[in-house]
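Okay, here's the structure, questions in a sec.
Labels run A, B, C, D and E following the written order; every chain starts at residue 1.
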Amino acid sequence: MGTFYTVHFWLFSAMAIIAALAMVTRRNPVAAALWLVNVMFALAALYVMLGANFLGAVQVLVYAGAIMVVFVFVVMLLNLGENDVKERRSMGAALAASIIAGLLAAELLYVIRSQPLSSAPLLPVDEDALAPMANSLFTEHLVAFEVTSVLLLVAVVGAVVLAKRSQFANEARS
Amino acid sequence: MNAGFEFAALDLGTLLLPELLLSCGAMLVLLYGAFAPEGAASTRRAHLLAILVALVSAAAAAMLANQSPPLGAATGPLAFDGFRWASVAVILLGVLGTLVMAMEYNEGAALTAAEPPALVLFAATGMLLLVGSRDLMLIFLGIELMSLSVYVLTGLDRSRPSSAEAALKYFLLGSFSTGFLLYGMALLYGSTGTTNLPEMATVISDGNLADDPLLLGGMALLFVGFAFKVAAAPFHMWTPDVYEGAPTPYTAFMAVGVKTAAFAAFARILLDGLGPAYASWHYAAWLLAAATMVVGNVLALVQQNVKRMLAYSSIAHAGYLLVAITTRSSEGVAAIVFYALAYTLATIGAFCVLSIVSGGIEKRTTLADLAGLSRTRPALATAMAVFMLSLLGFPVAGGMGFFAKWYVLRAAIGAPAPQTKLAVILVLASVVSAVYYLGVIAAMFMKPVDESRKPARVVEPRLTGGVIAVAVLLLLVLGVYPSPAVRWARASTLPMSPGRAISAPASMQAVAPTESLIRTP
Amino acid sequence: MIREALFVSAILFSIGVLGVLTRRNALILFMCVELMLNAVNLSFIALSRLHGVSGQVFVLFVMTVAAAEAAVGLAIVLSVFRHYRTVDLGRIRLLRG
Amino acid sequence: MNGAQADGSGMAELIMIALLAVPLLGAMLVWLLPRPASDVHGGSARVVTIGLLGVTAILATTLWFVVPDGTALVDYAWIDDFGSRFRLAATGLSLPLVVMTAFLMLLSVIATNVESVTHRAASYYALILLLTAGILGIFLAADLLLFYLCWELMLVPLYFLIGVWGSGRGPAAGMTFFVYTMVGSLLMLVAIVTVSTAAGGTTYEVLRDAAGRSPLSLTSQLFCFAAFASAFLVKSALIPFHTWLPEAQSEGPPLAAVALGIKVGTYGLLVIAYPLFPLAALHPTVRIVLATMGVIGVLYGSLVALVQPDFRRVMSYASIAHLGFVVLGISAFTAESLQGAMLVMLNAGITTGGMFLLLGMLRQRISDDRFEAMGGLARQMPMFGALMVLFALANAGLPGTNGFVGEFLVLLGSFYRFPVLVLLATIGVILAAAYLLWAVQRTLFGPQPESMPAVRDLSLREAGVMGVFVVAIIGLGLAPSPVLGRMDESITSLINRVNVAATSTTPVGMEQGSTR
Amino acid sequence: MPISNNDASLIWLVPALPFLGFMVNGLLSLLPAWRGVQDERTPAGRRALVSTVGVGVMLLSLTLSVWLFAAVSNQDSAITSSLGQWMAAGAFTVDWALSVDHLSILMMLVITGVGSLIHIYSIGYMADDAGFARYFAYLNLFVGFMLMLVMGANLPVLFIGWEGVGLASYLLIGFWFGDTANAAAGKKAFVVNRIGDFGLLLAMFLLFANLGTLDFATIMRDHAALSTPLVTTICLFMFLGCAGKSAQLPLYVWLPDAMAGPTPVSALIHAATMVTAGVYLIVRNAALFSAAPVACLVIVLVGALTALWAATVGLKQWDIKKVLAYSTISQLGYMFVAVGAGAYTAGMFHLVTHAFFKALLFLGAGAVIHGMHHALHATHRHDDAQDMRNMGGLMRRMPVTGALMWIATLAIAGIPPLAGFFSKDAILTAVAERALESPLAEASLGPIPGRVVLWFAYGLAVLTAFLTAIYMTRLMRYSFHGTFRSGADVESHVHDSPWLLRGPLVVLGVLTAIGGWLQLPAVLPLGPTAVLDKWLAPVSGSAATLLTGSGHLSHTAEYVLIGIAIAAAVAGIAVAFITLKPASLTTKAAAPAETGIGLVLANDYFVDAGIARAITGPIVAGSRKVLWRGLDLGVINGVLVQGTAQTIRVVSSVASRMQVGFAGSYVWAIALGAIAVIAAFTFRTMR
């Protein structure tokens, strides 16, 4: 754990946090989405630094690449402008929300801080990141893996059901 | 993870037979929908097919329940114990009721397609997984499978804005709470290094981790997530809106299936995985139970829409079930199962009545719409009265509902650490509930028909009527002779990891007979 | 660095919650939830350095779930938009009381 | 099945089961009976109901004669897992009340006009049968869970009777009644669960054994006793838990008022709560508190009865006052006072019930039965007048009527326990005469208001029903011995059991309960 | 004629017969309404049947009583018959037992004898009344209960009769219930009697709690076991009962109102029999009372005060029956003075003679009222038929009645040799004797020595005798002498009653004249002395000796006492004749309002108004405003019951309004909840 590592860790962390803060404060959904992509990139870098190379890649490909694109696509589709949503801009509410979020953060940090995690021995980083994961995925977590397939099927079916125009529904409306 | 887990020894086909049948059946239904002509007849057939699938799955579960557990089931990610099969039975009961109700409802509401029954089956798969899993990962996926399907079912009625609104609220708040749940799982994983519940229990008791802050934080966040799913106060606020907006059959599905499954999983995590940390989570569970009972019942009091009222009532019932969990005893587990059965029967029945009375118009589920029902449809009104009294926990006339409450009270008071205060809160909250349940009865029996609120069409209760009849019959019969159900509930034990109990552990063993532990078949 | 990563995760999670608390745009709300999930993923990955690979497997599943949720969630948003012509939660409130 | 040693008890067992089965199955039968459209008033349902209640009454009477001096028992397995058994017992304490209930319900139905049931007649009669089964079950049960079932079962038909067939404010009155009594019942449920978990079963036998052998601590007993008492005292409407009663009795149909007059609550207090919690029951503070509440009930009920606007409310408060005597008698816990308390319970059913039926008959003739709209009825309805005077005086405890024997024994038996309280309670005897005769005067005597319609005296049917009440009132007044004798042994053993349980566990400071 | 134990159950026939009559006549009375008819007047046929039954049972009872008299006269012990157990509970048992002894047979003879006469009289008196059958039913009922009262062998059986006569009295006072005042008077009688019964009940409880029995025989046997304070308490409670039934201060208020009933009823119940039950009860329990000198002094004092109080009020009454009512109260006071002083024989003696002359007076008054009513009715006048100011000179129209009433008046005034003189003298003598020397005189009532109390009572009694003579003479002079004040047309319609009414009067007149021979004082050599004394000796003799002094009065003293008594009576009559001016009297309608002391006396010292204002009014108003509206409807039902329900409802609707439908705000709840739950977990273990 050299200084280089540490510097970069904090760099990406700061980037993630700043991007996240930017995201939650942007009015424009597209801007928010892009800031979120920014967070995800930063996180991908942190994943890699924590030895999860494969997940870092997946993060970029699936999350930033696919999911966020869908988001932006929907935003565009709905043609949402900056003023479509009357965001609550009262300082009091924002302050209260910040206090709550801060409180939550404080509690979470307290919980984590109390744990002597730093002293625990770290497992060695496996150079071949994929093999142990695949091994685990298809043996130990096979059932879970299969469940994800059903999950995705449900997502597809659900999206179709909700998005498709039903002639019956049209009749009912007219 | 090298926990001596033998992949080869695990016969997944056996362990997951009901779930497999359900999901494959769901795909079959989808396939049927793809090729069948669009229309009411196909919808009915798709539903009938789904009912068949559910029945087959139930048969498979029943078959498995009578088998001795296969090798490796003791530690694997899938449980093979009475609790699982009992929960499966209750859930499938709810699924069947939902499907029958939906079949007739959807024709009226023009929700014709094969996807709804398929989604119900998918959700059921998720529920079954949820109650059968002993691994946080699988539990998480089960929750998601269930929730995603139910989000869609909620928003199914595209002709109504409220349906879409309900779906959106459910989805947004649901995924928000999932974030907490997941964070909780992460911290539990961080504290114990495993996602497998029995292992987790071992680690906690071996490492004396019960007061580990990371574990505490994890449990807290897990509580938040599950409290949302079972609609415990103060995480209940989505419930009335979503219940009101969703199409009635799927409201029922949420009220029974989702609640039972989430509860079973919650109970399993707390009793099996986190059992050794009982002293740490007892207080929070106590608070949650008390708050939920009070909030649910008090808020239900002024509701005019019966669906909404039932939503609050379902919150209250979550509170009663939480009381059973706080006991951390095998009697408590049996009480949960027994209660879930009674609650499922009464709730499904009540929603069936509502779906018939409303004549397919969602708005027509207020007390004013029920006024004078006893004159226009006496049998329906009587059945509804039974369901209301059952939910109230009233003996004989309310049937099994009473024994459900009795059982929970028994578990609470007879527990190694008696929960007498909770029991008193429970009964006092029940008194409040009497007012709104009786309000429904009073509307049906003691008010004249409101001519301006006649339903657009009179729905003839065909199969739905059958569901109602079966529910009434079961409730009433088990209400005077509950022994079969009690025995069944007692058999459905959950392996409870021993650990630091609040009071003397010796008495604990008296309550939890060792032969019911699944480890020694 | 495990603890530090967990700190970052907690902060990101809280920022997600902050966003959910302050925003009324359903889409942005959803993005904030995604941010929370990402934060949790960071925790899992960090913890997998202590406890082994299953943390990472969990993250994989979370990502899948996130994708599925995105599909369904955005479909729901679309369907709401069809009725309400807005994604402003402040104006989507037929159901109340 | 332990009961069938002798032929007599075998027969008794059969009858006890039939006593519950006949009205229960009858309720179903009446409900499912074909209903021709012309039969709006449910004439056929009424006939069947009367027939079934008649059978019930005959069975109850037979049981009275069949059961030997001891007790008869029905015992079947029911819910082994909770240690609950289907157990019925006919004891000296339950038998009189069973017989009274059976007859009271029968007579109430006969007394009510066919025409008074204007809608949903079949349900009306079915509910009456259900109600009968519930009340009989309360008295016959020898298992606490079974008792509780019947106890609550009684609420439902009453709620419907008050709400559906009552006056305009019936639904609200019914709701208050239901919810109010439920508060007590549910607290009792917690206590039931507590004792039954401790004892490992719910039969009276098991519970009483447990109370004798390994009792709960005094504190637990006090809490549980308070919970039981809250259920029993709310149900029997002791001050200050009484306000639902006048509403329910005056808004509901006469039959509901009659059924509400059956003192299931104090029966429960005596037969269930006392043996189960001997330490609490005989705790000096508990006794004095209960007795004081009883006396306050007597005085308060009497004083408030004095200023009621209609006769039904007067009778409600009168029964609240009578309940005070019962509670006083029970808390004194002497053989005499308990006999008296039991008799007052019987009388409450007979005399108050008869009066409510009589008022129901009046209400069928005159819709506005407030005092200010009435007067001088004795001229047009001398028989009605004579009956009303008799019932009023029986209520006021005129010697020679049943009312006297009960109150006299209560006061006599309580006197050496609570002399001052008895002195105060005896003032209630004065007040009873005042409010009842005042009410009688407003109804029967004085000039007749212009607005009052011409009315006919009681019909043969009505007079016949009332005749039975008269026989009961005079009969019990002149010859209560058969009833007292029947109760004697049960009461003695009850007193012994409670005293032994209380003294064996607390050797010091507890008085020897008197059986003198 | 001895009576065997087998025949003893025959004594049940004595009360049973009137009860039988009650049942028959009661059913007959329901007949018209049953048929849907309302008669103005009972048809002659049914009237014959009713009167045959009503009078027949009385005569049979009388016959039986006479036979029983013969039977017991040979024995000192009682004839007792038990029909078995009435009630038994724990240690308490009481039998259905009647007993006939020298005391009860005396009462039985009075009841059945005077009762029979009054029944006969009633046939004529009530002939025109629609409720003829009902009347006789009630009258029979009364006699039945009265017989139970005097024959009961234990207190509970006595109590049946005790309250039963109250019931009959209630029914008969309110006989003409169409008028609210009548019904209210009946109710008042019953309720005030109940106050007395309260005392009697407590006496019973005390007796049972300490002796374990309520049988007279056992009480007499075991009473020595009771401590003196206890006996005193018992006796005082019992006397409260007597005061209620026998209209003593302060419970006498019902009796004047009771005159609302038909006059024969007043004669039978409110003069001759029922009101004397208190005296009977004390004599019956003489053994107890004689052991409680303090209680005795209280009785003497109350009796004397009552006697004077009522006599003063009687001076200013205009209603002929009211005068007699107050007179009755006054005379009852005498009896209590007697029994209080332990002169049980004297009390009983006065009871019997009073029954004769007071019944005669009432029946005479009834005849007057009957005649007046008839005349007023015939002339379509609506004047008060009972007000003496509307009468005058009736002697001319009703000579027989007038003459008989004069006999009774002289008797009650105490003019020898009429019955009243002897009985009153017996009382005065006895009091004086005990005041001179007796255990009673040695006892003290609080700070006051018994001697003072007794002398005071004696003084009051003499004063009362004087006043009695005045008001009775006043009554006679105003109604029977002078001129008729209601006009000649009415006067011409006034006739003496038919013989059906006059016959009983004559019999009573004879009894009044010779009744004194029952108990002649030793100093007057007119025949066998102290018959009654000897007769009652088995019952109260030993008790009486407990309170009597050892010595006897000298003959001189006795003569002096007799002289005082006669002087008082004569003086009273003289004063009445001198001061009263019947000629100046106007009719009731034209009479000026009373003023000053007259107003106070005419209104009975405003006792009724006072009670209404000080007791009943506040009770009713308090019950209505404080207990019912305030506590019951307001606090208990309003605040506690409905208030709780409403509070929960309000909370519910407020909380339900927080459910705004805005998903954003639900998130807040979840976030706050999450913070709370985490806190609950972490800080719980932080301790």
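Criterion: contacts are C-beta pairs under 8 Å (C-beta built on N, C-alpha and C of every residue); 3 or more make two chains touch, one makes a residue touch a chain.
Owing to the predicted nature of the structure, the values given are computational and were not obtained by experimental measurement.
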item: Those chains which touch chain B and also touch chain A; value: C, E
item: Lowest number of touching-chain links that must be crossed from chain A to chain C; value: 1
item: Centrality ranking, top chain (CA atoms only); value: D
item: Centroid comparison with chain E (C-alpha atoms), farthest chain; value: A
item: Interchain centroid distance [CA atoms averaged], chain D/chain E, Å; value: 37
item: Where chain C and chain E are represented by their mean Cα positions, the distance between them in whole Å; value: 95
item: Centre-to-centre distance between chain C and chain B (centres being mean Cα positions), rounded to whole Å; value: 25
item: Chain B and chain D, separation of their C-alpha mean positions in angstrom; value: 42
item: Junction residues of chain C - those touching two or more other chains; value: 6, 13, 16-17, 20-21, 23-24, 29-30, 50-52, 54, 57, 61, 65, 68-69, 72, 75-77, 79, 89-90, 92-97
item: Residues of chain D whose C-beta touches two or more other chains; value: 179
item: Residues within chain A bordering two or more other chains; value: 88, 97, 100-101, 104, 107-108, 110-112, 115, 117, 136, 140-141, 144, 148, 151, 154-155, 158, 160-162
item: Pairs of chains in contact (touch as defined earlier), listed by label; value: A-B, A-C, A-E, B-C, B-D, B-E, C-E, D-E
item: Contacting residues of chain D [partner chain E, same complex]; value: 176, 179-180, 240, 242-244, 300, 303-304, 306-308, 334-336, 338-340, 375-376, 378-383, 386, 389, 393, 398-400, 404-405, 408-409, 411-413, 415-416, 419, 422-423, 426-427, 429-430, 433-434, 437-438, 441, 444-447, 456-457, 478-481, 484-485, 488, 491, 514-516
item: Chain C - residues contacting chain A, complex; value: 1-8, 10-19, 21-25, 27-28, 30-32, 34-35, 38, 41-42, 45-46, 48-54, 56-57, 59-61, 63-72, 74-79, 81, 86-88, 90
item: Residues on chain C engaged by chain E in the complex (per definition of touch); value: 17, 20-21, 23-24, 29, 89-90, 92-97
item: Chain C residues touching chain B - in the complex, by the definition given at the top; value: 6, 13, 16, 20, 26, 29-30, 33, 36-37, 39-40, 43-44, 47, 50-52, 54-55, 57-58, 61-62, 65, 68-69, 72-73, 75-77, 79-80, 82-84, 89, 92-97
item: In the complex with chain E, residue positions of chain A that touch it; value: 88, 97, 100-101, 103-104, 107-108, 110-111
